[in-house]
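Shared between the two complexes below is subunit A, which pairs with subunit B and subunit C, respectively.
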Partner chain A sequence: MKKYLTRMGDGSRVEMTKEELLRDFELGSKDAAGRGKIPELTSEDYDKLLEIFTSPFRIVAVEPGNEIVMTDDAGQMRLNTDQMNSGISIMIDPTVSNMVHERCFCCDTVTLGHVDYSFKPIKPIVSTYQVMYETMSQNLIAPVFFGAMPNLGTYYYPDGPCGNPSDLFQAGKLDEARKAQEDAMEFAIKDGTFIAEKLDEIGCDGFNLDTVGAAGDADVLASLRTVEYIKKNTKLSVEVGMAGEFILGMHGGLEYKGTRLAGLYPHQQVKLFEEAGCDIFGPVVNTNSGKSMPWNIARAVTFIKACSEAANIPIHPNVGMGVGGVPVCEVPPIDCVTRASKAIAEIAKADGL
Partner chain B sequence: MPIAHVMASGMGGIRTAGDLVARMQMKGMRLKEAKKYVAERLKIDPIDLANEEVMREIREDLDIGIITGVPGCAKGMDAKVRIANLLEIEINCVEKMKTKTGLM
Partner chain C sequence: MNKEELFKQAAQSVVDANRDAAVKLAEKAIAEGVDPMDMINGGFSAGMSTCGEMFDRGEMFLPELIVASDAMVAAINVLEQALPVDQVKEKIGIAIIGSIEGDVHDIGKGIVATMLRVYGFEVHDLGRDVPIKTFVEKVREINANIVGSSALMTTTQVGQKALEDALKAAGLRDKVKTMVGGAVVTQRWANKIGSDLYAENANDAVKKLKELLI
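Entry: the complex of A and B
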């Protein structure tokens, strides 16, 4: 029986028959449907996935006319930082790095970001990024985002002024742990809105709030309130990229306009960010390294298709290392990346990546 | 990895009309609507927005920035001023430049 070369979620090679591929598509889709309470993929979707996975070619691509828009989070750091940001350590100036992204890599948009990427360390040195952005803006044609993440973790002891929720939870101090998160949220909003105002002063195109929800539901609420402020008080476009597929209930009791945040999946998250005024939403679906890529991509497509159908704004799913149907490995294999890219563009109907 | 995505499913940035469609998405327009809007402004079929052969000539004719280094063609801010006029949108850095230079 003919076998097709594919991979596991950790990137290792496996061979699967057509029947095995179809079985894993269905199991992956059912897993997403069950968790998100969303529809499974249709038989037409499975046929399209089968076509993608049985292609004998190493690289697959969308059909002409089905191209989508690219935004990103790491930005110029992809070239001039180390492994921490998947950087390749070519120590060039950030403006030159983004000119390379625009003219060599043909990115539709580019991003400037601080190497730590968190709101807190950016705030005291934002003027450095303002002048960097101004230089970039004079030289680039493509839209330039500024990227940063709320990262509530930076506000917790020993790095910040708030109590550490993990320690407090372990000590059984539940109310104190929740209060620490609420306090950190206020600090993050203050820092995020300060940065946004500074970006607005220099005519920045947009603010990309990335890795939203990394510290749980308080991190998400901080982002929603920051987005609201930015849209009411600046001319910045706002993109939000999530950290994980569902919102972790680290606090558990936080709500946005009557909706409890903990446990929300992408198709529910996008509605809240739309309400806050967000222009582009980036859902995340995590990769399971112990399952096959057919399972993972079908699962990612199921979640993202539901999100796309629910959305009124463009959605740009995160399709990087360990998310969006890309294996959990430092150098993601190109056969998996292009298969995830095509499936999410053509089956899930994403507006971009 | 971003290059893999650009090649597999990306619009092509300033090689084509990727930056223009991105600018409309940044105003909350979904893909189909953004492509239609830009295609109408360029007077082309949406399928040609990512067609290098068509877009290279259009970008030079409209002087909205091209990927190759050609003396005299609009670059950087110059190209963005022309893009703002073409798409009939406000581009924040263009508005800032107008204020700083006394053009507005």
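Entry: the complex of A and C
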């Protein structure tokens, strides 16, 4: 029986028959449907996935007319940082790096950002990025988004003034752990809105709140309130990229406009960010390194299809190492990256990546 | 109330994090002559397993899990008084856990530490950016039998291999089970460095450690 080369979620090579591919598509889709309480993929979707996975070519691409927007996510730093930041150490300045992204890599937006990427360390040095933006804006046509993450972790002990919820939970101090998250949230909103105002002053095109929810539901609420403020008080466009597929309930009791945040999946998250005024939403679906890529990609497509159907704003899913059906390995294999991208564009109907 | 119904209600009391109900059900089990160990395993522990699955699916969260665990512990304390001394459960294991040297990410590691504690492990959380020698010294100091390390980045995960080597060099490797996890860590990596266990998430860590040790 003919076998097709694919991968496991850790990037290792594996060969599967058509029947095995189909079985894993169904299992992956069922897993997403069960967790998110969303519909499984249809038989047409499975046929399309089969066509993508049985293509004899290492690289697959969308059909003409199905091309989608490429939103950059800190790509500029992938060139000019070293391996410690998953970069490739080409020593060029951020403006030139962005020109390469615009003119060679066909990115439709580019990023300006501090290498730490968190709100807190950026605040005191935001003027550096005001100057950088000025230079960039003279050399680029693509919109420049300032990328940064709320990263509530930077406000917890020992890095910041709030108690560390991890330690407090382990000590059984639930109320204190929740209070620490609420306090950290206020610091993040203050810092994020300050940075946004400074970028707006110099005419920056947009703000990309990235890795939202990395510290749980308080991190998400801080982001929602930051988005609200930015949309109300500045001219910046706002893109939001998530950290994981469901919102971790580190606090558990936080709500946004009557909706409890903990446990929400992409199709529910997008509605809240829409309400806050977000312009582009970047859902995340995590890759399970112990499952096959057919399983992971079908699962990612199921979640993102539901998100796409629920959304009234463009969605640009995260497709990269460990997310969007791409394996967890340092250099994601191109066969997987292109298959995940094509499936998410053509089956899940994403607006961009 | 028959035994099955009692088990069902015990499990539900844990899922509902209802400490009073859990304690009353434990007392009822003793009064009705139900084997306390059966009541723990078939009722309260089963409820805690359900909590783990709900946590994994984003239907239950850390604070709720801790309160559910309190309900279970309160019930078990009642049942243990009725157990013969040789049947009283000892802790499942003594675990050391920390984010590996150079890695300051500790949210995921903190969730794993809390989950292990909730499920009856004695946990010593060494925090983040933990030097390899600190792991080794702590194993010796508290006679731990589990060493868990977390790495969020490919650049720090190499520390997990250094930890394996350091435990071997100290003559401690055979006395402990090592467990690795973190965003970039995979089963393939665990196999490569000779770690005993890879956990995809906190619930997976509890499940696999229990399988390994019980």
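Note that the second predicted complex is superposed on the first by the 352 of 353 C-alpha atoms of A that agree within 3 Å, B and C clash if a C-alpha of one lies under 4 Å from a C-alpha of the other, contacts with A are read in each partner's own complex, and residues count from 1 in each chain.
As a working rule, a contact is a pair of C-beta atoms (placed from the backbone, for glycine too) under 8 Å apart; a residue touches a chain by one contact, two chains touch by 3 or more.
Quantities reported herein were computed from a predicted structural model and do not represent experimental measurements.
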Clash or fit, subunit B versus subunit C on superposed subunit A: fit
Dominant contact partner of subunit A by residue count, subunit C or subunit B: B
Contacts of A:Q170 with subunit B and subunit C, given as first, second, both or neither: second
Which superposed partner A:N288 touches (first subunit B, second subunit C, both, neither): second
Which superposed partner A:P314 touches (first subunit B, second subunit C, both, neither): first
Which superposed partner A:G249 touches (first subunit B, second subunit C, both, neither): second
Contacts of A:T6 with subunit B and subunit C, given as first, second, both or neither: neither
Touched partner set for A:N98, first subunit B, second subunit C, both or neither: neither
Subunit B versus subunit C as contact partner of A:T109, first or second or both or neither: first
Contacts of A:Q181 with subunit B and subunit C, given as first, second, both or neither: neither
Smallest separation of CA atoms, subunit C relative to subunit B, angstrom: 17
Overlap of subunit C and subunit B interfaces on subunit A (superposed complexes): 86
Subunit B contact footprint on subunit A (complex, rising order): 59-62, 64-72, 78, 86, 101-103, 105-109, 137-143, 200, 202-206, 235-237, 239, 279-280, 311-314, 319-321, 326, 332, 334, 337-338, 341-342, 344-345, 351-353
Sites on subunit A touched by subunit C in the complex: 8-10, 12, 34-35, 83-84, 86, 153, 159, 164-167, 169-170, 172, 174, 177-178, 214-216, 246-253, 262-265, 288-290, 322, 328-330
Interfacial residue positions of subunit C with respect to subunit A in the complex: 57-64, 66-67, 70, 104-107, 109-111, 113-114, 117, 123, 125, 153-155, 183-184, 186-189, 200
Sites on subunit B touched by subunit A in the complex: 1-15, 18-19, 21-23, 25-31, 34, 46-47, 49-51, 64-65, 67, 75-77, 79-80, 83, 90-97
